[in-house]
Amino acid sequence: MKLRLGMVGGGQGAFIGAVHRIAARIDDDYELVCGAFSSNAEKSKASGIALGIAADRAYGSYEELIEKEKQLPEDQRVQVISIVTPNHAHFGPTKMALENGFHVILDKPMTFSLEEAKELEKVVAASDKLFCLTHTYTGYPMVKEARQLVRTGKLGTIRKVYVEYPQGWLSSFLEGGDNKQASWRTDPGKSGIAGCMGDIGTHAFNLCEYITGLETTQICADLNIVVEGRKLDDDGSVLMKLNNGASVVLTASQIAIGEENNVKIRVYGDKAGLEWEQWDANTLKVKYADKPTEIWRTGAGYVSSFASHNTRTPGGHPEGYLEAFANLYHNFALTIKAGLEGKEASEEAQDFPGVKEGLRGMAFIENVIASGKSDVKWTKFTV
Amino acid sequence: MKLRLGMVGGGQGAFIGAVHRIAARIDDDYELVCGAFSSNAEKSKASGIALGIAADRAYGSYEELIEKEKQLPEDQRVQVISIVTPNHAHFGPTKMALENGFHVILDKPMTFSLEEAKELEKVVAASDKLFCLTHTYTGYPMVKEARQLVRTGKLGTIRKVYVEYPQGWLSSFLEGGDNKQASWRTDPGKSGIAGCMGDIGTHAFNLCEYITGLETTQICADLNIVVEGRKLDDDGSVLMKLNNGASVVLTASQIAIGEENNVKIRVYGDKAGLEWEQWDANTLKVKYADKPTEIWRTGAGYVSSFASHNTRTPGGHPEGYLEAFANLYHNFALTIKAGLEGKEASEEAQDFPGVKEGLRGMAFIENVIASGKSDVKWTKFTV
Amino acid sequence: MKLRLGMVGGGQGAFIGAVHRIAARIDDDYELVCGAFSSNAEKSKASGIALGIAADRAYGSYEELIEKEKQLPEDQRVQVISIVTPNHAHFGPTKMALENGFHVILDKPMTFSLEEAKELEKVVAASDKLFCLTHTYTGYPMVKEARQLVRTGKLGTIRKVYVEYPQGWLSSFLEGGDNKQASWRTDPGKSGIAGCMGDIGTHAFNLCEYITGLETTQICADLNIVVEGRKLDDDGSVLMKLNNGASVVLTASQIAIGEENNVKIRVYGDKAGLEWEQWDANTLKVKYADKPTEIWRTGAGYVSSFASHNTRTPGGHPEGYLEAFANLYHNFALTIKAGLEGKEASEEAQDFPGVKEGLRGMAFIENVIASGKSDVKWTKFTV
Amino acid sequence: MKLRLGMVGGGQGAFIGAVHRIAARIDDDYELVCGAFSSNAEKSKASGIALGIAADRAYGSYEELIEKEKQLPEDQRVQVISIVTPNHAHFGPTKMALENGFHVILDKPMTFSLEEAKELEKVVAASDKLFCLTHTYTGYPMVKEARQLVRTGKLGTIRKVYVEYPQGWLSSFLEGGDNKQASWRTDPGKSGIAGCMGDIGTHAFNLCEYITGLETTQICADLNIVVEGRKLDDDGSVLMKLNNGASVVLTASQIAIGEENNVKIRVYGDKAGLEWEQWDANTLKVKYADKPTEIWRTGAGYVSSFASHNTRTPGGHPEGYLEAFANLYHNFALTIKAGLEGKEASEEAQDFPGVKEGLRGMAFIENVIASGKSDVKWTKFTV
């Protein structure tokens, strides 16, 4: 049985919408049945037809989608709505969808502002529907394995984290041209108060808290607008403290020329350390004081159920970004389906990012922007 | 419009069948409508239901599948049949499918014997349907880029090729237990006359001829059965000559303990060289006599249309084995669809392996086994 | 003609003294003729004998060394004195040696305090003898190449620097045992006010200013004592601003368990970026917005005179840490010898670290410690 | 006490002579006292003076060197003679030196022909002096560690070896110009019957037998002259069998354009495998069937005495080619000095290549050339 999926945003030319659709297809859990792919009804219809959905289920707005779908018989009606619009258009459809009985998958960052995030937290709490936020990197099997190594005490007490997300694609004033991605991501009206920090800094932040299982308590941010004329930060570095006293260095940049998208994290405890980077995503390095560094690999027999559950192929067949994304969709589907059957999904299946991660991500953005403007070194991290 | 897909083999527990289905889904070109997933009708039905296809379209044999599907109205009938059985069960369903008007996607090696391969070549030639052989590695964008660099003269005259395929999974007598993969792959009755050379040596061979655009003319093989009790070669090395005089060293092993699946190729011309390996599949290294080695990457703006056509995401978002497999399915679908519309597919779309590659692969197997037994150093490569 | 070399410190069991002696030998520019290897006259003599120098030239103190050597005929007298004692014993012998007519090679950090550093700057200025500070990493050919790429404009305007120096050897309370290295390096009475920042942070700082040719203007430091009972920082992160507005993230740690000594720097300009790390010291990666990353290599024909001058072997014969160290000794010797001949040494030869680098390194230590204690985010970097 | 060293060959402009001298200096075991640096007496003198040796000990021929040095008092006379001439000039000085009471260090390959090698074996056997052949790669600490892993049974029974030595520097007809290295190395009158196989194939062969502790019994060679006009093989591949039945693929090329000097070996047993390559010489990868691959590193506490004895610096300070070379010189010196003191050197010190390795290397050359010409696949490896 496939879950019936709808989509808000993600019309022709969008990057992340196509990624969501592939992710939804990989494990065959969903069938795309409707969408509001564009705020232009014509364009939405064209996208819908190209995607093979019924013409009358390509709507001109998310409101229309929700209203019309609600009127369909329960066994035809959309069940899960993916929202892949720019940040300023996250809150509205998410709230409405949840309040009208639909599960929601939402692209990160969760909302346009922390205020919206707090309100959304209440909406999710009040709803009996499920909510998934696509912090893709936590879908990688070796990121899950990293978290397991911490949880099972293999690293001992966590002392230090380095997490970095270097990109170079905004090294020049791309938003001056017709690059759609550059335009909205550097536009405060669409992205919110943060640029680089909202777009990729939040991923780094999420990765840190996800793997360590710790929470940030203090931050000290240095944010920069490097490219002349840009309206939002395109580079930043954040010193942080975690709630066990460990310290973190988080860096994110979109002007690190020549870098692609190589998010990387290193975590050091008092017993062992670990290192993971997206370039070599199927590898996790585990480091010791007095033993050789080990190269842990997806698909190997020695990895935990959290890694193996999120891998499709034997060792040596690299899985990548799309499979990591698919893991979020698959685990969300497993959890929904378990619910439909009155069961509880496995711990592995329930391990997908949700409203708590979204709220903390938005808090990260607000805190980091405030700290960036402050002359005081350490700012308390508040939600 | 999706193509209606059927599958022969690939029931529960099979590895490669699941891979084919993911590959078929990734780019949304196909809809799985029927299958003969097992020679046991019960099991086939169970697999079919689990896969969400109509109960009456899960057949107990490929013959039944083809007969029944032919009787369906044209707009419901399966259009493309994927055959993912062990080698000894390739020829029968492929021939029957083609002769009854269905396009075929077949797992490699093409047949059980060269004789069958020659007959299949005729069947394909006589049919107006299309045939695709899933030599996965040629679906990788950077393998296609490598071929383009050779085709466009960037490497100059090809002089030397090293191609290797090291695996370690058959380091012990796994077929003595209940490992299904190990059992059929080491069984002459199911695999044919070659073990390692048929299973992975053919991939290395195909990669070499695909990238260089050259054909093998002579070979000298050293084949080994390393693990006691095994019936087929589990390790081998082949010296080869190409039709321009270049020399090749091809190695494949299933007893290289600790190795996963890291197929790798290096090609050297008189102007430049290149290196690609599956571990880091999104990278192609290009080497020069007097300039720095270059790291070419998928998703970059400077790669050819053959690489970019076969990539879904921007640089730095790794795509892997499943996407490479999906590229075969996608290109095959594009070519079929172009035909349905009376158009010719693009050169990029038509670039998928077919009967010629399958025939040469089977010739490789026969020649390599013969050479392995021969006391003469060089054997002429014959088809 | 070899320069006559003396050594202060570096007796049996010392690490860095042996390194200095190998460095001095590699290019055959020096002959070790005397030393005050230990403050214990017996031990000094024993070390001297083991090193093959005349028994009467193994002195019990640096004062004795300088006094006695001065009385030797000019053609026998020591010419260059290497000082390899712990930090608190740098200033005295360096000052006395320079004031008595000897060239000095001094291990870093230059002095025990910034105050001493300022006084030493005056001593060097007043002396006609030369002074070299062994910031080893700037002796690597690919570090010099990196600096050349910046100097010649290949990177454009520098925007961002990441420099890191992770070590794990002080992850536990080693100074509680009999580890001599751990003991003095964590002892404020011997190391000075900084631990990790003085020992390796200064290297990272020097590397950043050396390659970029820019000067630090502001800093914001987070220093930590992670291991209980330790007296000096064993971990720290420093945000910095350079005098062209570029921002820097400098991290150094001695509790990054499992890490060896992999100092690494990445520099991004508006035209290109670069990356170098000690693990793969013979490689420099150069990165572009729209071209493949390039792997520049020592020994290649395309590198600048600054790299080739500091390499002994053709490409592919790795040179390492000892050769980088030897480059400092060799360049210092070339410069001294040129002076003896009334000539000016080449620009390549004169490129070794001196009192300016030492002074800035000590200022880094004082500034970083002050910033670490401050509640204000940005502290002006003062010398 | 330093050993007095003389050198035959290695005058100005020579590559390997300078490498030998650095190697001799690094550990301070030798003092260069005399040489016959060139067959031109003037040039020899000029080289000698530049190297700082007494003018009357720079001789015009090796015969003169040996004759004159013999007449010097025993405590001034040269003790060890390094012979760094092209291959055709190895045998004469080596024989004469040994027969006249001098220890000899000789560059590889040992002689011009197998016949000479056999005679030299007798000379060495009859002499009470020691003989060292500079197969540099066995001087690397991680190559020694690899051998220890095999010796101590960690790999189990050896089954497969891949050893490769790719270079690209002879991709064009360099010997047509004034490249001195290219000229003699491609000249049958100076190099002997083999080009690439003698120059670097022998290194690969030695590495294989050294690490595995096994001997080659059969070979099958494919040798090529790729560059037009060249007189000796510049590329070749050799299939081999070892005396326990294991199979080997040995490749060496000088036309692998863009490759530097990255000799690499992989050895697989029935329990574990290993991988080492010169590019990352301080690393040894150890691979298992069911555990993560391990990254063993020089300078680590867990390596054997054979690795630690041959390393000067703590982990993370890369040592390279020159230090590997120095290890040969140092171990030879330790063994000579032990003998002078009537003691036996440690097993670690005695582990340097000698006449047996030289003889087998020359046998490799003769066998490989014969096999290259033969139509029979397998040739018995004879000495």
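Residue numbering begins at 1 within each chain, and the chains themselves are lettered A, B, C and D in the order written.
By our rule, a residue touches a chain if its C-beta (ideal position, glycine included) is under 8 Å from a C-beta of that chain, and two chains touch if they have at least 3 such contacts.
What you see is a predicted model; the values in this text were computed from it and never measured.
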{"item": "Chain pair with the higher count of C-beta pairs in contact (C-D, A-D)", "value": "C-D"}
{"item": "Pair from A-C, A-D or A-B with over half of its contact pairs in common with B-C", "value": "A-D"}
{"item": "Rounded Å distance, subunit B centre to subunit D centre (Cα mean)", "value": "43"}
{"item": "Distance between chain centroids, defined by C-alpha means - subunit A, subunit D (Å)", "value": "55"}
{"item": "Where subunit C and subunit D are represented by their mean Cα positions, the distance between them in whole Å", "value": "34"}
{"item": "Sites on subunit C at which at least two other chains make contact", "value": "259, 286, 293, 297"}
{"item": "Subunit B-facing residues of subunit C, complex", "value": "286, 290-297, 300-302"}
{"item": "Residues on subunit A engaged by subunit C in the complex (per definition of touch)", "value": "159-160, 162, 164, 166, 168, 171-172, 220, 222, 224, 226, 235, 237, 239, 247, 249, 251, 253, 255-259, 266, 268-273, 286-289, 293, 374-378"}
{"item": "In the complex, subunit D residues that touch subunit C", "value": "1-2, 15, 18-19, 21-22, 25-28, 51-52, 167, 169, 259-262, 278-282, 297, 299, 312-323"}
